[in-house]
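Okay, so here's the structure we're looking at.
Should a chain be cited, it is by its letter among A, B, C and D, assigned in written order, with residues numbered from 1 in that chain.
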Amino acid sequence: MSDSSSASVRPYLASDNGVGVSPQILAALSAANHGAMYSYGADEISARVERRLAALFEREVAVFLVSTGTAANALSLAAFTPPWGAVLCHADSHIEKDECGAVEFFAAGARLVHVAGDAGGRLDPEALAVAAQMNKGDVHGVQPACVSVTQISEFGALYSPDHLNAIGAVCRAAGLKLHMDGARFANAVAASGARPADITWKAGVDVLSFGATKNGAMGVEAVVLFDLDKAQELAFRRKRAGHLSSKMRFLAAQMDAYLEGDLWLANARHANAMAARLEAGLRAVAGVEVVQPAEANMLFVRLPQTAIDTLLAQGFRFYADRWGAGVIRLVTAFATTGEDVDAFVAGVRAAM
Amino acid sequence: MSDSSSASVRPYLASDNGVGVSPQILAALSAANHGAMYSYGADEISARVERRLAALFEREVAVFLVSTGTAANALSLAAFTPPWGAVLCHADSHIEKDECGAVEFFAAGARLVHVAGDAGGRLDPEALAVAAQMNKGDVHGVQPACVSVTQISEFGALYSPDHLNAIGAVCRAAGLKLHMDGARFANAVAASGARPADITWKAGVDVLSFGATKNGAMGVEAVVLFDLDKAQELAFRRKRAGHLSSKMRFLAAQMDAYLEGDLWLANARHANAMAARLEAGLRAVAGVEVVQPAEANMLFVRLPQTAIDTLLAQGFRFYADRWGAGVIRLVTAFATTGEDVDAFVAGVRAAM
Amino acid sequence: MSDSSSASVRPYLASDNGVGVSPQILAALSAANHGAMYSYGADEISARVERRLAALFEREVAVFLVSTGTAANALSLAAFTPPWGAVLCHADSHIEKDECGAVEFFAAGARLVHVAGDAGGRLDPEALAVAAQMNKGDVHGVQPACVSVTQISEFGALYSPDHLNAIGAVCRAAGLKLHMDGARFANAVAASGARPADITWKAGVDVLSFGATKNGAMGVEAVVLFDLDKAQELAFRRKRAGHLSSKMRFLAAQMDAYLEGDLWLANARHANAMAARLEAGLRAVAGVEVVQPAEANMLFVRLPQTAIDTLLAQGFRFYADRWGAGVIRLVTAFATTGEDVDAFVAGVRAAM
Amino acid sequence: MSDSSSASVRPYLASDNGVGVSPQILAALSAANHGAMYSYGADEISARVERRLAALFEREVAVFLVSTGTAANALSLAAFTPPWGAVLCHADSHIEKDECGAVEFFAAGARLVHVAGDAGGRLDPEALAVAAQMNKGDVHGVQPACVSVTQISEFGALYSPDHLNAIGAVCRAAGLKLHMDGARFANAVAASGARPADITWKAGVDVLSFGATKNGAMGVEAVVLFDLDKAQELAFRRKRAGHLSSKMRFLAAQMDAYLEGDLWLANARHANAMAARLEAGLRAVAGVEVVQPAEANMLFVRLPQTAIDTLLAQGFRFYADRWGAGVIRLVTAFATTGEDVDAFVAGVRAAM
């Protein structure tokens, strides 16, 4: 599907949302295009997706399909954060850096408050415990209401079950709700081998943005709600935000195929393997410094600026200039091929 | 594609969003799934869509693809209505009845104010001219800022060019902006034969929700902005609302195929023809009263309640109970077949 | 205090917020200006006001002083209405007509929905019962959450205890919360002789905007909360809206003096008596039609337009032109004198 | 007026909003209580206040009186910051720390972004110039729209004219608007001797929260708008936020008396002199460390914790525990007496 290994096209490692769609998911769209169905989710495919996710998470869940990760995150957090509330998160989290204030919009002006983390962008439970007490009961200050963690983090780091349990414990102790931005949740499960239940609700997660778009879907994410009392509210919030798809079956069909036969895991394992191969290849190139290793499907390396310029000029596609001098981000996806990886490594070697 | 004429499945006339997707549009999704592309609209298909819409409207436009009509409407109106502003609209408009307050959400608490219309749900220009002066400059009252018309209306009625020009003139005289909810714009163009330019910007429309989903797309609508000064604002609003698709090429591919070879018009003409056939068929049944004739792809008829109950029990799918005693709404779509229509008419005749 | 009976100044009957402040309330401000106190309500006068209001309403209450009626109404309603909720109210209510969308602002885009009433602007319980079921559980429509009644109404009409009990019963049956805009609550109590408890929480009112400004205070209203679970939320909402006064003792001192020795009732009784005298006087003038009699401190009469023009030209102050041809509104206040009333009646007689 | 020097009451140095009201301002309230006037600002005193502020700032201004500083700040910033905009400010600014998210509320979810400053809490122009370019034109990130400076800062530091000019230059270069939180503007003018015009609009300030409450008023602040194009918007925003006082003359009367005969400057000079006396007195006590000297009417000192505990136990009133171990904040006001100061110094000496 990816032609990025063709003679004329350079590998695309800029993001996992720049490659296309898994063939199984495309096929599911065609299969779903059969006859008339009541719209807005009152269709059989939507019902099946809910059952599949309940099975995956080993418990009852409420599921809200939306077309973007920003919608999933902002809806999730709005349901748990009053307007005068604060969402505690990492300063480099997606909700802070890349969603143009969507959380503030959906949550009627709630505030994101930064909590320190480690080099991988994972929240520090001790810092979180301190922040959780911020302004407590003081009418002059915003009130911590939610914590948002990103699994894997924006820097590609994996939260361990222990780490998540520690964060969950802080949340429970302080009466905060816990949201997980799982845009790359599949990559985390593939990398860790953890059971989805163990790194979500059993660790204290109340609501999960279960991503699919970056891992082979065309455009669908699931808000997976473990706190069922919020289901009705989420339904209204989704509609009101223009995120209730009329021909919902086509969002559902994507998610259905994504879960069928564990396509989601297979895609993520492939992407992760490609990142590992990339890391190994680059480590063998003199002058390349691995800044953040590939814990899942993303790594950061430092190159000489001249090498970066050469690679970009040659048409290699990746992002630079956002993470300090000479640091570039490389993201692999379900469609990244071994040839892509090897071509990139060869390109770096030549550019050094 | 529709199996609604099969022996076991009754025709679906509940809405034009319950049928599936045009085969050309499905095919376009597959064709777009080729290689990597920068995301968020920086792809060639998105650029081509903008060119196609500019050609269609015979002028420069700014285009914002989103996945739902609610998003298109609410984003359009928010860009032109301050929080203390009012949107003048019909009491039965979609933004009022069916979007769960999306406009109020996107426009930070602006208000919808009802203006009287005719039996078809079309705004009355004279009533509009009065409403446009409401609270003028009075700090205690919300300030009319926008007018929203629906083409075709929620009752299936077509605005004539003259009617729209009259409304546009009121807007210009009062300094109001004009939005058109064109969820069924294609049906209006097909029904009237009007040039798109003539019933939009040349009549004073500043922004159009150009629908595709109800007419054969999977899930895409275009905000077509004629007031280019608002383009940057709309870009931020779209992102912030979670409506900037990462794999934008797949929204663009739908719209591209929809416009290619005037598929949009062909689909709409078919749907309209089916509605006309339906009206003709029903008029021939004694005891059926046509409440709102099929000006495009929708009609309303009055039946005895026993007939309605019988039809629903038999599996015919349509909506009742919302428009007065015995009135049902029938909507045809690109996938409605002549057999569907004839089966429904036969069903009604049998049920009387 | 009012010099409106002096030779050169015409009576002011435009509103009860155009006259000044009761001398007792001014004196209380001076008395409160003694020494330093912790700010933001942690002072003794604020505590005393809360005790006084608890005594007045014969139960525990939570009290939030603010400086305007708009703030009191919007804060009250925001605490009980989710963003996708609807506030059911009369089309001529103050929250609808005169607050520039404050409810929509404070409640993050909730909607006001009109319910029919009688000629006095009092909600009809039967119409309310129907509206309360609007969109019930339908994700496409805003959900009724609150009812707001105005006591006395914008047309000066008094809700009887029976009427309020009927409304309260509708609210309880439908799970709606009940807000009372009591900008002129004192006039209602004075007119009816009802116990405050009987026409508020015992009738089902959950939160009351207890007005003082129109009845002799300088600028203070109390949100009186009967549903104490909402107290913390209201505290945050008030602060966040800029309505937590730092030198709160001076709001409290006004309310304290207002309640001391039932000044509030004495002021209201006087205002009501003046309105009754005005009505009696005008009824004796040939050609004057009483459109809405003085149930408390407000009445509406119809005069020939020439008489209205003459009176305004002579400097008599009142509002016209908002309630149909020839209808004027006359409002009396604690500072209105018998001379004011008689001068106005004489003016009308002369102008006819 | 202050009885804090009496035998039984300890000096109050917790804040300048805990003391009472200047007698001249109280007297003005009584004087304003004369006859009826049209409400909502259509009175002569309001007009006079606008003229006085125009004279003070040596140019045309638009004036909006409100009852709290939070309202003044949030309204000012909302008028210049779109929902997807960012307000650049110090991490310890009042809008960030003490207003419970009011800016986010009024500005429909805009974000506060922190910019580094010096030890006194004054923004660093170079850091500001970098922050001003943040996310520029990137639809994924919030867009810097406004800068907010506090004069004097939350740490009592004075911005020099040069400093403000440097900030103003950054704003102009980057197309940002500049807001000044002047809750203690009078103290800044008194301390610096600067002309109000020079440290506001001539330095690039677009809108000023001109404080009076902390400096002797009962509860009034003026939004002083130098960008007159925003005047109409501010009028609607004020009303909609419940901050348009009906009996506006009584807000106006406070401001009128505050400006009359430069009472505002006299009060501020007195407060500043008391702070200087306090600093001098404390410097003479062994073991007291002055952390932030008294540039205007506020200083921060470090004491042994035992001394702090002793002083608080004895009834001295000030805030501790917010600025690091052993650091206390001391604020003087127009009503602080030399005896207050000396009693506090003596108390500290005794407690060491």
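A few notes on this one:
Keep this in mind: a contact is a pair of C-beta atoms (placed from the backbone, for glycine too) under 8 Å apart; a residue touches a chain by one contact, two chains touch by 3 or more.
Bear in mind the structure is a predicted one, so any value in this text is a computation, not a measurement.
Against reference pair C-D, the listed pairs A-D, A-B or A-C yield one interface repeat, A-B (criterion: more than half of contact pairs the same by residue number).
Across B-D and B-C, the chain pair carrying more C-beta contacts is B-C. Note: centroid distance chain B to chain D, computed from Cα atoms, is 51 Å.
Inter-chain centre distance (chain B to chain C, centres taken as mean C-alpha positions): 43 Å. Shared interface positions of chain A, i.e. residues touching 2 or more other chains, are given as 83-84, 99-101, 105, 108, 139-140, 236, 239-240, 244.
Taken together, the chain A residues at the contact with chain D in this complex read 83-84, 97-101, 104-105, 107-112, 139-142. By the touch criterion given at the top, residues 40, 82-84, 108, 139-140, 143, 233, 235-240, 244 of chain C touch chain A in their complex. The touching residues of chain D, when paired with chain C in their complex, are 1-4, 9, 12, 14-15, 17-21, 26, 29-30, 32-39, 66-72, 74-75, 99-102, 105-106, 213-214, 218-219, 236, 239-247, 250-251, 317, 335.
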